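Scroll down for the structure; my scribbles are underneath it.
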Amino acid sequence: MVLLLVQVVVMVALTPLLVGVMRQVRSRLEGRAGAGILQPWRDLRKLFAKEPLRAPGISWVQAAGPVVLVTSGLLLCALIPLVGTVASPLLTDDLFVVVGVLLVGTVALALVGLDAGSAFGGMGSSRHMTIAALVEPTVLVAVYALSVPIGSSALSRIVNARIEAPASVAAPVSLLAMVALAIAVMAETSRMPVDNPSTHLELTMVHEAMVLESSGRDLAWLELGSWLRLGALLGLIGTLTLPWGMAVEVAPVPALVGVVTLAVRLAVLGALLATLEVFLAKLRLFRVPELLAGSFVLALLAVTASYLTVTV
Amino acid sequence: MGVLLIAPLAACLLLGAGVVGLRRTWLNRYAGVLASAVVLVSGLAITTQVLGGATPTALDGLLRADALTAFMLSAVGAVGLTATWGGLAAPGSTSARAYAYPALIVAFLLAMSLAVLADNLGILWVAIEATTITTAFLVGHHRTRTALEAAWKYVILGSVGVAIALLGIVLLYAATVAAGGPTLSWVALMRPNLGLDPGMVKMAAGLTLLGFATKAGLAPMHSWLPDAHSQAPAEVSGLMSGVLLSVAFYGILRVQAVTDAVIGPGLMRGLLVAGGLLSVAEAGALILRQRDLKRMLAYSSIEHMGVIALAAAVGGPLAIGAALLHMLGHGLAKSSVFVVSGRILAVEGTTQIAGLRALMTRRPGLAVPLLAAMAALLGMPPFVLFFTEVAIVVAGFQRGMGWVLTVAVGLLLVAFIGLARHTGDMAFGAATVDEEPTGSVEPSDTVDRSWHGPRLPLFAALGVTAVVGFAAGPFADLLGQAARVLGGGQ
Amino acid sequence: MTDTGVRIQLALLALAVVVALLAPVHRRALLSGLVVAGIGIAGVLTGWLALTGHAGRLTIPVALPFGPVTLSPAPLGGFFMLVIGAVGAVCAVYSVGYVHGPAASRTSWVALAVFLTAMQLVAASADVVAFLLAWELMALSSTVLVLTEHAHRATVRSATLWYAAMTQLSFFLVLLGFAVLSAEAGSTQFADLAASHVDSAASNLAFVALLLGFAAKAGIVPLHVWLPRAHPEAPSHVSALMSAAMVKLGVYGAVLVTTQLLVSASTWRSLLVLGVGTLSAVYGILQASVASDIKRLLAFSTTENIGLMFLAIGASSLLRPYGSTDVADTALVACLLLVMAHAAFKTTLFLGAGSILRATGERDLDLLGGLVSRMPVTSATFGIGALGAAALPLTAGFVAEWVLLQSLIHGGGTQNRILAITMPVAVGAVALTAGLALMTFVKAYGIAFLARPRSEGASQAQESPTSMRVGLVVAAASVLGLGLVPGLSVSVASRALGLGDAAAAGSGGIDLVGLGATLHPGPLLLLALVLVVPVVVVSVAAARRRPRRDVDLAWGSGGVRVSPRMQYTATSYAEPLSRIFDDSLRPERDVVVTHSSEARYLVERIQYRQRLSDVFESRLYLPVIGVIERVGAAAKNLQNGKINFYLAYSFVAFLVVLMVVTL
Amino acid sequence: MSDQLFAQAIGMCAAVLLLSAVLLVWRRAQAAALPLMSLQGLALASLVAVLGIQAGSRELLELAALVLVFKAVGLPLVLVRSSQGEQGGAPLINTATSLIAMAGLTAVAYVVSAPLSALGSGPTVQAIPVGIALVLYGFLLLVTGRHAIVQLVGFLVIDNGTSAVAFLSSGGVPVIVELGVVLDVLLVILILYVLTGRIRDEFGATDLDDLTELHD
């Protein structure tokens, strides 16, 4: 139980920095000076200080939505084994539950977009939900692929199995599943190939369009929530690909080692993602389904491969 | 004991003579009702006797009543009562001079009672031919061109078809002469090992079945039925559709019992299946694009007679019992719906389906009985036709005739869609002309809630149809005995 | 014991009929509603008695020698009686406040009482004839109920014809199937049918007939055409009953056939059920996601959920022969959980749609909006129902979907190639369905309740009367209750299937023993609450310093005219989807531009019309109807009026019979 | 009466019956309806009389008288009164085809009466196919006739054929049934007579092609 809270606190601290690092790497690659790693924290402090505005016809969803998004982000960080892989009997860290919590956040964000009552909020929400609908098969089948060799979809057992048998990490099945999961995460957290996070051209926005109407602390929570989701999912991919250095039992030293390795992992993956985004162009909205279909086929191959290799 | 058999015949004769002789207005008006009441009461009396184990006979064996006869007589009485009482003309409209119509109706009931009570197959033929004679002028009663055309076709097709049956009966008699014991009495023919020549019996049975099939309205001999039933006055077509077809089919059942004992069920089953499937197919196809309500009801009668023919082909206690119950249920429901169609013609001036719109909102007094009767005819529970259709299908599969029943069920579905669509078009929809919903239902003053005629007969008929399916006890015994009488045992 | 339960229900039905006919007009809704609710509650009790094994026999007198016609519910039947009774009670309470106009007439109340009782009797029947009797009574009373508003809208009549025809087709198929089985077993009792396991061609025929018959009643895709037509036309409490309870009897039939009457190891049967289920799930939710009429959307979502149930049944009968019986049992438990979850949230959604219809007079989502502030209770309950339908955590939908996914991924594909291929495809289909369901219900809730009202009716909406709100709240509570304490529902489901308490654990969670997977929503909720506390504290602190300021204009990238018409509507919300899945939805779009009379280049008005077609209807049903019409036309000249033709028919028949009897 | 003479008498009556039917079809029924129908009635009556004499039963002789009165005299009179000298149009198929059809029907009659051999091999049994042929001719007249009177004649021929088969195969059905049959036929003819009169008043002529209003 303690490990979960540690994880949450660490992630709340780390994710803005992660986003700061990603923006810094990106600006450096594009030859700009960049606003420094702590800029996200400064944005949050500014936003909490400003007063939120409310247009006519907007309901309580504008205030409640961001809170739900942040909570689902926090819950994600608690459930996913980032620092340590100690499974608590009562709390189910089942992958399907994780995906469910993720979707609660997505729905909250979409409803905030819709409640704005402007054309852009509706457009962003419609596109966001369409992409979420098409991503779902990829995510669940990738989860299915990961759970076949272990026979259970509980994350802690999957990660423990990967720690004991490092060879299984490099097995083709897990590689295929990881690629599919990576594409799904990029789509879900509105990163480059699917949506440009830093765009200001309304007609191309997906994520940004939904938060247009929010301001002040609502916008702060929305930003923090999105960053937490990004951090948690990157952490999940990190844990699955580089499972070493995680705390196996609840003790201060392993926990410290786990936190450090987590930070390193997030930094590496964040930089990798940022560099990838610099060299990728944004896909047209109606080409995104092809990308997602491709990732779905990858996941499907992973599952059938895992069955067939086991039988043969 | 035999007096009970003569009672209905004598009463009808007396009433007929009274109508022709006395020419009283009230007698002309109530003659039909009284006659059918007497037939019903005597039918029920005979039933109690038969359930007591006796089989009364009269006129030294010419008239005989076993369980089947008792059931059929009660059915004739019940349907007759529904049709005549339901179709009772308005108090002032019958004049003393119009004695022909009630007299013919009483003669019609007399002929049907005689047909059911007769033990001698010859008398049975004469009685069925007599029904054609008595109803000829009833069909042509309206004196319009189409009524005349319907009457002509009815008489020609009816008597020519039944003449074939006469040929069959003559050959049957010849077979009994060749076998030494010349008789046409059904009881005698049912005695085991009479030594009849199978070839002769086969030919006789085939021809008799074909002849009576004409009067029972089975395809391909059914062409007179839609014209006759759509042109005849409502109570006459109710009587004809309701029970005349069943009495003709009763003839077929009697002949089938005799032939199955001699040459086995093969021939009759084949012919009945062919007739039944053809009828259901033709009726189903023609109902789809039907334009007139009474013609649609006539085709629905052909369809139901087709189902009864299939039940007779299947044989066995369950199927024969279902066939008899189907005759009663169909008779009551069909006569009620014909009575209602008569009232619709009187009030709306047309029975064209296109001309009748939104009856439920404009004339609930007519729409409610129409819908109830149509639900009964479509085989909806709690009406008895649901039980009989289920029984026929289950019995059919149990006796190895699965494929026939599957095809029949498919055709019944087509007929169901046709009937449901037409009934829906007539009964439902907005009351305004251009079908635009007015939002609020019409103010109640223009809604005509009257039933335009006595309500009790329709309530009674549809009530009995709804309850008789659940009537275990004495009624179930009667059905069981009737099935056994026909040798439904094998 | 259950016979007393069934007798109580029949007595209450008689009372309901009497009350409906005799009660004074202003009291009728209240009294009839309560009596019908009584029938529902009696159904729940009888179901519970049957589940706990106190089965009693009640024979119905029948004139024909069928063999005993008995009502004695098995545990499986008891489960469905329980679900249907609960749904019936909620809908009855709701209908007291809801009925207006023709729905408050005597016939509607009598038909409602008969409808609910008939559904109970279908689940309670123990032999073929009683089953068919109750089945057709249900069909007749539901047709009467669908016809309630026939004088208000012209479409009601054609929808009812579709409904009656498809119901009759389902009845005939079930009748044929049971007839084949009773011919094999020689009796009409379910017990005897179950005992005679014969794997012959006849039983294959019977299986296909029964499956199609129950699929037609359940609204499975090739035979679903009546569902999106009949449900929107019926009054809302009736469409709730039909959607949440009546279609479940199709599922009951399917479970009865696959697990008791026709148990067999032939894979083609389970693949058929699985395939049909998957097709229905994906196609149903696809049509729902692009539907803009709220009731049509909910009707198609029913097709989707029924598809998932058939998928679960198919998967369980596919897995059973390959030794993993506990995974197969879990799949069946998942099916029954889906039944309960769907009953809960679909009732909530349809009752919510009814209260929206009553308040705004609108069914089309494109004309609603801004109801969240005007109708708080309806929007809250509809929101919970939407969460359940989208299968988001802490709701009944999520639990059912979770158990289904667990049973699919533990499918043990190692033993057999067919499993290795079907299981991933099934998981993919379930996932796509879940995704699209998410999209559908965010659209339904967002467009209907949030932002500004798009029509006059929506802007003047008031909250519904108390009885409707009571019904809504109870239904929504059941969605959350089944979600938070799934242990109870899993134990009920496994007892219904006769598996004992294999899969239920303490503190309300689920412990799928065979699969080693556990789900405890309680602690998850606690953790969420713990995490939300700091967030709320920070928000309140910030709110005290900087209160929210109202502005008169939403941010429209500088635009001045921000009218409600500029908001996204349901059609535009689903436009990306209809573009992605255009080959199966066949959208017909036309844009009509009317130029202003003076200048050719100035546009006065642009109209955008889009019509989506149901590919099954246009490819399968319209050709068949065309053929039937042509046969009808061709048959007409058989009866062409010439007497010579008629005599020729008789003459030919005479010659044929002469030939037959002599040769 | 010696057997040899009896056989010749039966053969004679059967031949006359057949001849009259053939002539009826040949001469398109209306023109010569009266003489041919009375000829047929006479032949039938004499057939019954011969049987009566052979079997020595008074009953049959009375029946012969009855048949003579009705079938030879009564019904043809009704025919003439109802046709009122109206010359009808041609039947549906020309005379040549109808004669060929009659030949075919005669062959059918003989094939069909094979099972009747079970009745023994007396002269009466040899004559039964004539009766069945008569029935088939009557049907042919009905099917091809375009006039009310032709259909009346066709119906009468069928009835004569059936009576012939009855008397030849079993010496006549029981009296009560025979009386019933004759009464029924008489009533049917009377009804058709009345209806023909009404058709003539309504349509001006008894051409059945006007009667096609009732169709689907």
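Each chain carries a letter (A, B, C and D) given by its place in the written order, and its residues are counted from 1.
Criterion: contacts are C-beta pairs under 8 Å (C-beta built on N, C-alpha and C of every residue); 3 or more make two chains touch, one makes a residue touch a chain.
Note that the coordinates shown come from a computational prediction; the quantities given were computed from them, not determined experimentally.
J.: Farthest chain from chain A, comparing Cα centres?
T.: Result for the farthest chain: D.
J.: If you tally the C-beta contacts, which comes out ahead, B-D or B-C?
T.: Greater number of contacting C-beta pairs: B-C.
J.: Quick one: chain A and chain D, Cα centre-to-centre, how many Å?
T.: 101
J.: Roughly how many whole angstrom separate the Cα centroids of chain B and chain D?
T.: 32
J.: Give, as an integer number of Å, the spacing between the C-alpha centres of chain C and chain B.
T.: 43
J.: Once you find the CA centre of chain A and the CA centre of chain B, what distance in Å lies between them?
T.: Measuring from centre to centre gives 77 Å for this pair.
J.: Could you say which residues in chain D touch two or more other chains, in rising order?
T.: Residues 112, 114-115, 139, 142, 151, 211-214, 216.
J.: Using the touch definition from the top, which residues of chain C touch two or more other chains?
T.: Residues 635-636, 638-639, 643, 647, 650, 654, 658, 661-662 of chain C touch two or more partner chains.
J.: Hey, what residues on chain B touch two or more of the other chains?
T.: 152-153, 156, 160, 199, 202-203, 226, 286, 289
J.: According to the definition of touch, which chains form touching pairs?
T.: All chain pairs meeting the touch criterion are A-C, B-C, B-D, C-D.
J.: Flag every residue of chain B that touches chain C in the complex, lowest number first.
T.: On the chain B side, the touching residues are 152-153, 156-157, 160-161, 164, 199, 202-203, 205-207, 209-210, 214, 220-221, 223-224, 226, 267, 270-271, 282, 285-286, 288-289, 317-318, 321-322, 325, 358, 360-361, 375, 379-382, 384, 386-388, 390-391, 393-394, 396-398, 400, 402, 405-406, 409-410, 412-414, 416-418, 420-421, 424-425, 428-431, 435, 437, 439, 441, 468-473, 475-476, 479-480.
J.: Using the touch definition up top, name the residues of chain D that touch chain C in the complex.
T.: Interface residues on the chain D side: 92, 108, 111-112, 114-115, 139-140, 142-146, 151, 208-209, 211-216.
J.: Where on chain C does chain D make contact in their complex?
T.: 635-644, 647-648, 650-651, 654-655, 658-659, 661-662
J.: Given the complex with chain D, which residues does chain B contribute to the contact?
T.: 62, 120, 122-123, 125-126, 129-130, 132-133, 136-137, 140, 145-146, 148-153, 155-156, 159-160, 163, 166-167, 169-171, 173-178, 182, 184, 197, 199-200, 202-203, 226-227, 230-231, 286, 289-291, 295
J.: List the residues on chain D that touch chain B in their complex, please.
T.: 112, 114-116, 118-120, 132, 135, 139, 142, 148, 151, 154-155, 158-159, 162, 165-166, 169-171, 173-174, 176-177, 180-181, 183-184, 187-188, 191-192, 195, 198-199, 202-203, 211-214, 216
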